[in-house]
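Chain lettering (A, B, C and D) follows the sequence in which the chains are written, and residue indices restart at 1 in each chain.
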Amino acid sequence: MQVNEEKFEPTIVAFCCNWCSYAGADLSGTNRLQYPANVKIIRVPCSCRVNPMFILRAFQRGADGVILCGCHPGDCHYTTGNYFTRRRMTLLFSMLEFLGIEKERTRLEWVSAAEGAKFAATMNDFVATVTKLGKNRRLEDLRCKK
Amino acid sequence: MKKIQLSLLPKLLSAIAAKKALYLPVDGKAGADYKRYEEGDTLSRACRTNRSAKDFFFPQVEDMAAFRVEGKKIEIIDTRKENEDFVIFGVRACDVRSFDILDRVFLADPVDTFYENRRQHATVVSLACDAPEETCFCRQFDILAEDPAGDVAAWIVGDEMYFKAKTEKGKKLLSSLDVLLADGDSAPVEKEKKHLEAIQHKLPISEFNKEHFKPEDLMEHFNDPAWAELSEACLGCGTCTFVCPTCQCFDIRDFKTNDGVLRYRCWDSCMYSDFTKMAAENPRHTQLERFRQRFMHKLVYYPANNDGIYGCVGCGRCLAKCPISMNIVKVVKKIGGKKA
Amino acid sequence: MQRIGVFVCWCGSNIAATVDVKAVAEALGKEPGVVYFEDYQYMCSEEGQTKLQNAIRDYKLTGAVVCSCSPRMHEATFRKAAAKAGVNSFMVEIANIREQCSWIHKNKEEATEKAIILGRAAIAKVHLNAPLTAGESPVTKRALVIGGGIAGIQTALDIADAGFEVDIVEKKPTIGGKMSQIDKTFPTLDCAACILTPKMVEVAQNEKIRIFSYSEVDKVQGFVGNFSVSIRRKARFVDEVKCTGCGLCTEKCPQKKVPNEFNLGLDQRRAIYIPFAQAVPKVATIDPDYCTMLKTGKCGVCSKICTAGAIDYKQKDSFIEEKYGAIVVATGFNPIELNKYDEFAYSQSPDVITSLEFERITNAAGPTGGTLLRPSDGEHPKKIVFVQCVGSREDGSGCGKTYCSKICCMYTAKHAMLTREKYPDTEVYVFYIDVRTPGKSFDEFYRRAVEEYGVHYIKGMVGKVIPQGKKLMVRASDLIDRKQLLIDADLVVLAAAIEPDKSARPLATMLTASMDTNDFFTEAHPKLRPVESPTAGIFLSGCCQGPKDIPETVSQASACAAKVIGLLCRDKLTGNPCVAHSDELMCNGCSTCEKVCPYGAITYQDKEFRMPDRTMRTRRVASVNPAVCQGCGACTVACPSGAMDLHGFSNSQIMAEVDAICK
Amino acid sequence: MQKMMQDRARELLSSGKVDRVLGWIEGDFVYDVTPHVFRENDIDQLIYHSFASQNLSKYLVGETKKDGVIAVFLRPCDSYSFVQLLKEHRFDREKVYAIAIPCLGKVDAEDLRAMGIRGITGVTDGKERIILHTLYGDVEKEKSEVIAERCRKCRGVHAPYFDERLGEELTKEPLTDRFEMVEKLEKMTAEERFAFWQDELSRCIRCNACRNVCPACTCEKCVFDNAASGIENKAPASSFEEQNFHIIRAFHVAGRCTDCGQCSRVCPQGIPLHLLNRKFIKDINSCYGEYRAGADLEEKAPLNRFDVDDCEPGDVVGKGE
């Protein structure tokens, strides 16, 4: 068999809450901790701002994995936001899985402002997982690439 | 008249499919639906498919053009694909009539070239109805379920299937299948027609006062207080319009792709509150107005503009599918019934 | 259509070394709506900001994208600059191409490509941005200090000195905190009481300061400048106004067997008590857990002897509602519980004590009158082993803390030194992992302990303490001499790790202030805003934010006061305009959003609407109080109709970013 | 029962206690039932039998905007929708007189047609058995054979917020475990599940019947009809749009869905949409404790509350396989 395929480079969208995870991402930058360029971060005030719509939208537009990062439970800048996030995403991810979408494509992680290393490690792991999984075929919208 | 043993029908279907794209109703999980023929598919004997056959000429979604934006440049891309020739096999009389009704809309000036293109590529093989549902009422619109129109009409009589070409296209199709078809006598078909007609007469929906939907009565019907009662339970969904073989409203929409815009059209429903947004909003504010529009269109406006031909073919899909069982028969009885 | 300018910062070589800034600028210049692009060495410099401002004027920009460091760094800088040039602050977006691009990628091509995508996302967002104006709210010119230790005292005094009213809420019957329990302070060895009590008196006498001792914060509502707090004044069964603090009751009370918490249970007090002689307020308190009168209704001795008639057995908890502009958290610390440290035999032998207990034993006002005596038999210990880092600097798998408690090295040196000074015949061993002495005169202090006072410092951990008769057999390893040691000690002193007070966690929830995993309050910025909580209007003083010694606590307390004064000086506060808002035409009035709002910012009202069919209809719709809303966005997702959206982070803006990234 | 309902309705109307009565009316066929607002003149036409399938509670949203009081008949399942709507302030309780009625389980004509029972002209209901009168003679069936999927899990218990009860409460044991199919799907591989749903959802024609009939879907304007929402969409223009519509719809009613099953009943394409809702219900029950939407007027919905030690998505996702 001919090995002509270029290495698959997944598109990863990371939603990060402004107070913890975005700061954590900044810290991993400050500490020069590497993670793949596939990850593009969108800053939201709180993880609870992330509407399931956004996650589906990302998949529609060609994302291969979507990760949502927020403050650790109990540490939410807005006190309770991430608790709601946790319930919402538990249900959403479970539903996506129920529809046959690979469960590895979605992830919820708690990353504090101090966890630059965890942020980088999480992203490295997530990118590796999604890369192994290959292109998102089940939730993409073919019209987007026209 | 041509015929073939039913046992050889698969062969015939394969032969058609070898030359052209072939579509036929096939029984599925939730009733019959048209699908592209694959080896092994068998023709459904159901008298009604879930979706009507209008999809072949007026699909629910159809790309019209695309715009590619690169930097500050915009390029227009023709997304039209010339359609391949195709055959629809086993269309019932009601659906065949719906093509005429759609033609009068889409082929009138200005011609809808997307529709025209599909029409030109299609050969319609119709099939006489041997087991109508109690909700069927095509006869009320002078449609002969026992003798359907189309390019080729077909009958199943005993273990044989008979074909009669009704147009040039039809003749061409039959002659291309000559090897498989035997010559048939028209007598069994005529006898079958009589039999099928008798069944039609037994159908329950018969008192149908459609004659009263005359153009001159337009205002009277429009202002009929009964619309309020008829529409009170309407949920405003689009089921009736989407399963209807003659509903032809569409919306043209732009989809933002990753590098521009894809312009497509899709079915719309006059039952929707966001239908036809004139000057930002739907001029028909209430469900009553929207409900009335749909039936006035089918029963009054359309015939007024189309030589008295009604915009309903009596297929009965709306009777079976409406979530609240409101339908054109109830409307005709209530609105038209008064005149009688 | 917006007219957008794109500015790509090199950040010296921080960005430019791994991102081809010119290529980024050019690529983004091609995006629809972008009318100007530029790259520059330091966009945040005066010159860089001028470039932004000039471009706004010259090219009539309506929005700008700055590709630079994190928005957490300079978003405010660029927004302010843009505002000065006449473009609304919120029309500026930052593409973070330093922390989230150039610093984490090595491949220039890859990093450049990512920078372009991040830039595109920011441009896509700006296209949908709308100018936002912040609302204004008044400031209540009063501060609340929670905690009356040295941190709270200092902060309160400084705020009061600036002319603002301050209330201190202290859960104990007296202010003073941990410092009041300490004997001497390092590195100067001056007496803690001598420097603390005058401050306590000062607080008591300051007209601007009210002390709510034996009280707790019960409920906090509102937001920066406008907090309204309910304070629970626990029933002390003594009228604070009437009580003269004569102390007669505390001597006559027949219930003598109450562990004295001020002396850490090393001796006993009465059921009615004044924690210590210099307590402020000097008012007696009845301990309801021990008072015979309160428990059985039979006694009433204190009431009989109190000439002031201050005793009130029927007193109940009362509540005070007060408004504040700022809240200072100064909840302090506690040594950790050592029950789980069986290897040190803390719960087995009374002669294994904590350092704080050691402080009380050596304190002149303590249970032993300041003479160093063993708790078990009251004899002079001849051999004392100090163990450092008990529960500190652990790997996280055990019951201890991962952090360094910071003060133990110094106070252990102090204890060792003082012991050797007062009792030269006592042998003193100190086991340590490292000795950490950064701080003015700290290392000198430690060296004196070793060099002048002959304290035996041994690098190594104590493995086990075994009580054996009157002795405590201390098994330890000496890591430098690489040998096992067995010391027959008379007293073992454990430098227990310190942790935030347990009351801090529920308080943090009430204040909506964030905490780290160790329950220390987090700062708004660890370096640049160390005395503020990320929650506006909440300030941090002392050990609630992290372990600190007294000098550091006091300086932080004053810094905190300066921040509070800065806030209280203002007559009006400009709010954050990135708040939720409800599209009333879409709103169902279903009350879902209200249920997820942590601030109670959403209310409902019935409003008349003109419907499309020209009829009027009364509908229940949500409305958001922009002064209360903090902009988390929980409501926007809870709302099924999409009526609720967030300014600055709208659904369409976020989806535009998603689109741009996934292109 | 029908007679009782007619009599009581007539009484309420003539006493002036109510101005209108919301019930069901029959059309050309026995299964051709439409919700209808009755007044004194047509109350004789009120019917109640195995084909009276529509959930009436949603109509209260519109009906209470009119003047006067309306009486409504609530079957057990409707009573939960009723409470859920009330909880969300979607109708004016003052203008409603709620009458709880028992239900023996409903039968769908489409199901019967699929069983080969055609030309139905009448029905005689019994508790255990049902007789269907057809053009081709009577067909007698065990109720459990023909009862609609949505009725199989019914316990016959009303949510206790009605004004009066007519007839006796008919509590019963559910015929099936309602999560059986959900569990079956969960046990499949992701590929199989994907294939299953592709097959189902690809039939969707986005007629919005499921949404418009849903008593939880009462938004002033649905996000899918609202251009400003960014996800407005009118057609299943791609497989993503089909999935998106149904996921978002199910999510929006998660914790609010009373499992009345109307969505699957009305789907002209026979898509088992209730499975999506039941998946959410199952997850909610197992993660956050048993919760029944519409059972209680005060209890906070599972997505509007939380526990600090809630499970993480990883504790749930992927556990089915």
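One rule holds for everything that comes next: a residue touches a chain if its C-beta (ideal position, glycine included) is under 8 Å from a C-beta of that chain, and two chains touch if they have at least 3 such contacts.
These numbers were taken from a predicted model, which means no experiment stands behind them.
Taking the mean of each chain's C-alpha atoms, the chain whose centre lies closest to the overall C-alpha mean is A.
Counting C-beta pairs in contact, the pair that comes out ahead of the other among A-D and C-D is A-D.
Note: centroid distance subunit A to subunit D, computed from Cα atoms, is 36 Å. Here the spacing of subunit C and subunit D, counted between their Cα centres, is 52 Å.
Averaged C-alpha coordinates give centres for subunit A and subunit B that are 46 Å from one another. Centroid to centroid, with C-alpha atoms defining each point, subunit B and subunit D lie 31 Å apart. Multi-chain contact residues of subunit D, defined as those touching 2 or more other chains: 221, 223, 230, 237, 303.
Counting partners per residue, subunit B has 255, 258-259 as the residues that reach two or more other chains. Taken residue by residue, subunit C touches two or more other chains at 596, 638, 651, 655, 659, 662-663, whereas all remaining positions touch fewer.
Contact topology of the protein chains: fully connected, every pair of chains touching.
Across the interface of their complex, subunit A is touched by residues 70-73, 96, 98-101, 103-107, 110-111, 113-114, 117-118, 121, 509, 512, 514-517, 522, 534-535, 578, 596, 598, 630-634, 636-638, 646, 649, 651, 654-655, 657-659, 661-663 of subunit C. Residues 182, 185-186, 190-198, 223, 230-231, 237-241, 243-244, 247-248, 250-251, 254, 276, 279-280, 283-284, 287-288, 302-303, 306-308, 310-318, 320 of subunit D are the ones that touch subunit A when the two sit in their complex.
Within the complex formed with subunit C, the residues of subunit B that make contact are 69, 71-72, 256, 258-259, 281-282, 285-286. Across the interface of their complex, subunit B is touched by residues 27-29, 31-37, 54, 59, 109-110, 113-114, 118-120, 135, 199, 203, 205-209, 211-213, 221, 225, 234-237, 262, 265-266, 268-271 of subunit D. Remark: subunit C residues 583, 585-592, 595-596, 604, 617, 619-620, 638, 640-643, 651-652, 655 touch subunit D in the complex.
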